[in-house]
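Presented sequentially are two complexes of chain A, the first with chain B as partner and the second with chain C.
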Partner chain A sequence: MCALKLKVRSILGLGVIALQLACAWAIVPPQPVRPGEELALSTAQSGKYGGRLAIALRSEPKTFNPVTLVDGSSREITGRLNADLIHINRATQNTEPALAKSWKVSKDGLRYTLQLRRGVRFSDGAPFDADDVVFSFAVYLDEKLHSPQRDLLVVGDKPIAVTKVDAYTVAFQLAQPYAAAERIFDNIAILPRHLLLKTYEQGKIGEAWSISAIASEMAGLGPFRLKEYLPGQRATIERNPYYWKIDKEKKRLPYLDEITFLFVPSEDAQVIRFQSGETDLISRMSADNYAVLERDQQARAFHMNDLGPGLEYNFLFFNLNSVLPKGAGSVAAKQDWFRKVEFRRAISAAIDRDSITKLVYRGRATSLVTHVNPANKLWLNPNVRLAPRSADKAREMLRTAGFSWKQDGTLVSASGAPVEFSILTSSSNAQRSQIATIIQDDLKQIGIKAQVVPLEFRSLLDRVFQTHEYEAAVLGLGGGDVDPNPQMNVWLSTGSNHLWNLGENKPATPWEAEIDGLMKQQLSTLKVPARKRLYDRVQQLVADNLPIICLASPNILVGAKNKVGNFNPSILDPYVLWNADELFLQ
Partner chain B sequence: MRFLFSRLVHGIFLLIGISVLAFLLFALAPGDYVSEIRLNPQISPETLVALRHQYGFDDSIAVRYAHWLGAALHGDFGFSFAYNVPVTRLLGDRVANTLLLTLPATLLAWLVAIPIGVISAAKQNRWEDRAVSLGNTTLLITPDLLISLSFLWFALRTGYFPVGSMTSLGYEEMRWPEKLKDIALHAAIPITVLVLSIVPVLIRHIRATMVETLQSPFVRAARAHGIPRGRLLFRHVFPAALNPLISLLGLSIANLLGAALITEIVMSWPGLGPLLLESVLARDLYVVIGAVLVSTLLLQAGVFISDLLLFASDPRIRTKSAG
Partner chain C sequence: MNSPLRRWLAVLVAIHFIFLFCGFFAPYDEAEQDRAASYAPPTKLHFVDVAGRFGIRPFVCARKEVEDSSGGYEEDCSHTYAVRFFVSGTKSHLFGVDAPGRISLLGTDGLGRDQLSRFLFGARLSLFAGLLATTLALIVGLIVGMAAGFYGSIVDTVLMRLAELFLALPWIYLLLAVRAFLPLHLSPEQTFLLLVTLIGAIGWARPARLIRGVVLSGKQRNFVLVGRNLGATDFYLLRRHILPQVYGVVLAQAALLVPQYILSEITLSFLGLGVGEPAASLGNLLGALQQYHVLTSYWWMFIPGISLIPLFLAYFLMANALQRRLEFIPI
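Take a look at the complex of A and B:
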């Protein structure tokens, strides 16, 4: 009798496990739209439900916690699991309502009052309201957590004050007017208070939602929710059945059942996976790989898109740091040349940017005169133009600056020292190494001997940021947004990314002082045309004084299988999945 | 018992020595985990300072090592800066996946190498021996990376094998036999590459030991007694040549671990290799130390097994140890 009971129990137990497994892998249907839900309307083409999309990521996500994440892969996945109050539409580059259906700005530009959508639910079915918003911002602004998002939410050295007006209204008080303040809200994920309040009170929110978290204990307001994470292999996200967007036919988005992110550590391997049909989308590839895939697109039923230049800009810069390490006497001596604007202009004039775009990027890049490239239509100063490359002009500038040439063509300074310096570059970035080699060749034509020194990336950063043991370097910076504000740390003389002269207490030159003033002024100027004029002047000053010699901006190259509907890639990150809720399989 | 104890003490000292060395090398390497975060223009210098403090980068390497060692003695091998989870949790699955490649590869490599090495020795300087020698040399001079890439190209063009990872999409919906088949298909190329990377070395050693043993007086006596050739080779000569080969077993595991790191990266196999590479590049200190210690442990386990086999197979060693 006892044995029989045990058998029945074990059979029942197995049945329950099987049922649980079956439920775990069942497709989650979208919930029907309920009366009173204030849903957002998608203007994209209506699609059909079903299917799984696969895409490769270069590295694994490090966390699913939006509060602590800093890496791109985590952002790529958690961006699909969460939603923000106001969102930057990657196609139009303008802000649009998200969880906030509308907002009002006070006349002095200091108070933003946001109206939240009613009837919205988290991916676990719990309702969303103003308490979640207030809680989320309290977490991001908590100094103890060191959330990278906190820096965005500190305006005029004071954190934004967030107060609940009523269950669906939240007010944000700024210490000073902040231009394009709506853009701050983009990518600030709203957290589920009902799940995380206790963890936060215990001081453990930094450890929450790590890669070992249980999917069912997480919830967000994004179009998808986490289904499974296999270390080293892949993460799968599934439809959030309560998502707050509908299409023109009143069907609740997203269309896809699942998206799988495969972890494929090299670009070449990603291309192979795409070619073999294992992945449906591909982004961020070199022009060489793009050419390989372009040849295959007819035969393998996919299409490739060249979106034009992205926001990344590659540049050459010299060590202008006033504080140098002991024993760096040779750098100090060369800084006399580097500090002469004529010298930097001559170097810029000698560099053949067209060769860089043709040889390094197979023509899939744009030559740059400043850090703002033509893709940034809203902020580009069209009057700042790139002069054609001219070795003669470069020689003339050098002569004016007191340099001369020896019989053998070697450029020498006024003191008779041969002009030679090293250019550091990242050994893991083939394109930048090639750029440095082209520059080396160009400078040879005007008598300058440049040595290219490829270094492991962190070693390079250590030299630039910590020890300042370098003479010149080729680096690249990007931006998540077209707006000038994210660039503050680069252009302010006290900024952490003011690469050429870090740790300045006050501007080293009058033009840097002017840039400081202009950048601070544009930050608090609310009228766009006035801001544009200020930023135009910044671009002019950068082009005239060349603290960084901008070189090229690579194009954003992407691809998708022909069956992927509503594929509308953008030059803003995330390039291909920004409208994951609207993608569908035909 | 004394043998086991001495092995254990030796192993502990080796692990401590390796951990000190790894910490020192990391201290000498420029840059740290927050170096790359600096390039994000949206992160302020204050946040970077706070992060450096939080991760303990302000302390000297000696202090950090002392903290780590103290915690490690209690089973806590530190946290990953990048993943914000305990190192042991991060390494657990990866070690199992690496073993899934290296154990079958070791077994297969020996199964392939033994008959080829024995036959090559028996047919010394004849065409069979020369053919084996040519094959061996070709494999030895071909980098593992090239072999991996050639197999990848083959898989891509033919579609017979997957081009990476350990399981297919939809693996979870499969039944057990299908799951096993799926993993076997994914492991086929990495295991083949690993076998090819180690087999030439094994064949050369087996051949050399067999050639030496074949010249022993007892073999001549056995031949004179008319023992058939096959029986003589595999029943008498091979066991006599076994001792140096058993010692080679431990070293072959070390070789395989090295080769597995590269193969796993090329084939996107979720083992220790990709994690170790990523952690070294990201300066994720405790993950690197953990991965290095796990590799050392695996190597020690291999050497230990070969010692035990030697102990069991050779009565002279047992007598010496007892004496």
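Take a look at the complex of A and C:
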């Protein structure tokens, strides 16, 4: 009797395991297109269904909640699970209809009326309509949630008013004209009201869809939906069978059955995984690693692409914060030098940017004079040019600013103090450490003793953003869009990324006040040529006053296995997965 | 002194002599960059010119970048530079070539700095950090060990429990924590002293326990007891009768501890907690190997790591020879 029981248990146990395995390997087929569905048409090459794609992520996602996410890994995954109303096409860099099939702008530029697609369903099969849009924007605009998207949705100090006109029409009322307003809809994920309304009313939406959430309790309008998340190992997303895009052959996208995100903490380990064939796509790598992979591309059936300069800009900046912590007397004393524009200009003139692009980026980068990269042809001010490096000019500027040299060549200030400062860099970013070492050597030639201090990235950010305990630092910022608007938080004196002087209540200098005015003015100017003139002036002011000394913008370097179809990487983030719905395996 | 001991001691003295005068033996300064020669392979020495004539004086060819965007270099023997010995510029060097020629016998790093020069300067820093830290650890260990062994009872109990506490500490984490608390702005000299103090201050426990053991047995010897009965003071007994008995242990420990502490300095510098750029240390040089492209592309960057094998071997063989000699020391 006992033996029989054991046998039955074993068979049942095996059955459960087999069922679990079957579920894990089950493939969700796309739903057939139904009449009345207003689907978007993809112009990419038609592919074939099936296959799994693997890509490595540098860190694990912190959340799957689009309202609260701030980190890159969460954005990379969640971006594939959700969709927006109007989308920036990463290839053309122009806006295109997404969940909104069309939109109209009133003559005064204050009212945007969006027509939504009919018949669209969330990944759990529930229908999508204007109520979801109104609900989503109410959540993003909720002050208590501190959603990072809120800043974009507040125009002229007033939040955008969102009203439902009918089940498939939504109106957005702006307090003042907003340049390129349709671009702000990009990456604002539409949330499922039917799943999140109750959570929102309970005041718990900030905690919803955390990494411990059950996949079946989440839904989105993106091409994929979450299948499983294994902490420390991987996250897998599977096809959304109700996705609202079709190809030229009327086949519902996406083609891929699944995408697996492997958590691989270092760039070198990611390169090794790609080289060994464990992952299918790779992005965000150094030029040195790119060279290693480029050598192998013929033999290992993958190809590498250098997309040219991206929107990231690396720069050196000094601590100009007016509020310093107690005991930071040495920084305060050095701020007398840092605040002199001639000092900053001399430092800029002494830095050999060509060596930085050649040695650090192996020539796969562009030297910068301002934050706007020459690749951003639409917004670049061509009249702001990079002067050739000149140690003599640098010395002349320093002399004008009251500095002098001791007999041993050491630069001293008017009070006789030797000019020395430390440059913080991220210890995990070999390129930025190398940049700092090159700057150190360049400054030595004009008598300045700079010390390079590599710090763990979080400690570095803590010093720059919280404690202000630093003298100078090398950092980089990246733009998500070529348009100037996402740069508002860097250039406005009250901006959260106004790195050199954070927490200003009012502009510290006349030129910062002018930049504030210009940035606000361009935001509400609708005509592109007029905006361009205003932004040109901002670039000129940045180049003249050097709050940040721009150095170089690295090229975007990516790679993919030859079998990945429709691989069309972009210089805008996300570089390789922006068209995940169109990717297929040949 | 027996033959193997003398042999290994001579080898180590020679190695340390070269590193001590690295400014003379290195052709360039450790921080001097040649930005036109990033990751250039070792320069070849030639004895036969283009016309096929052999000469005793070696020469090097000019270096130029390969024109295929691979970032590699090739020799251009239409321009040659004779290797000169005892050259004097701003400083005197054992050898060098006339500008614009460059001689990099161990290749260059990513910023075009001569790896041989950086290796010599880096090894000086790492080796002397090891030697000084050992000296510090042995002095503390000697005082604590002798006091514990000689006085016994409560002194022994307290000191030995303290030693056990230090032995149980995960020292690498302790070093990381201490370094993290210290100010950012430290010059290479200050960092060097700090490293030496930290490593030495943590490492006294093991030699202290060994010395205590020797003192415990040594103080029971007849000549010590006689000395005590004749009214000798504790200090006299320790200095004249006990200390000579522990010399051998101290020397053998020194030979074992030096490579261990060199490795500690290398570990800290490898983790970015040692001396900062542009100063070189063996840890900094090995740190470059953390990057995959360096590992796979530039074999000459391994040389500093490989060079540690014969160095450590020499130390261990000397320690071995010392221990053997100890067995025959008449006490």
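Assume the second predicted complex is superposed on the first by the 563 of 586 C-alpha atoms of A that agree within 3 Å, B and C clash if a C-alpha of one lies under 4 Å from a C-alpha of the other, contacts with A are read in each partner's own complex, and residues count from 1 in each chain.
As a working rule, a residue touches a chain if its C-beta (ideal position, glycine included) is under 8 Å from a C-beta of that chain, and two chains touch if they have at least 3 such contacts.
Model, not experiment: these values are computed from the prediction.
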item	value
Chain B versus chain C as contact partner of A:374, first or second or both or neither	neither
Chain B versus chain C as contact partner of A:50, first or second or both or neither	neither
Contacts of A:418 with chain B and chain C, given as first, second, both or neither	neither
Contacts of A:125 with chain B and chain C, given as first, second, both or neither	neither
First (chain B), second (chain C), both or neither touched by A:272	both
Partner chain(s) touched by A:488 [first = chain B, second = chain C, both, neither]	first
Partner, of chain C and chain B, that touches more residues belonging to chain A	B
Touching partner for A:362 - first (chain B), second (chain C), both, neither	second
Chain B versus chain C as contact partner of A:325, first or second or both or neither	neither
First (chain B), second (chain C), both or neither touched by A:68	first
Shared chain A surface residues [contacts with chain B and with chain C]	272
Interfacial residue positions of chain B with respect to chain A in the complex	29-32, 35-45, 47-48, 50-51, 54, 82-85, 89-90, 93-94, 97, 152, 155-156, 159, 162-167, 169, 172-173, 265-266, 268-271, 274-275, 277-278, 281, 283
Chain A-facing residues of chain C, complex	31, 33, 35, 38, 69-71, 110-112, 184-185, 187, 272, 276-278, 290-294, 296-297
Chain A - residues contacting chain C, complex	267-268, 271-272, 286, 288-289, 291-292, 330, 352, 355, 358-359, 362-363, 422, 424, 427, 430, 433-434, 436-438, 440-441, 451-455, 470
Residues on chain A engaged by chain B in the complex (per definition of touch)	24-25, 52, 54, 59-60, 62-63, 65, 68, 70-71, 146, 148, 150-152, 154, 206-207, 210-212, 228, 230-234, 260, 262-266, 269, 272-273, 275-276, 278, 428, 456-459, 461-463, 465-467, 477, 479-480, 486-490, 495-497
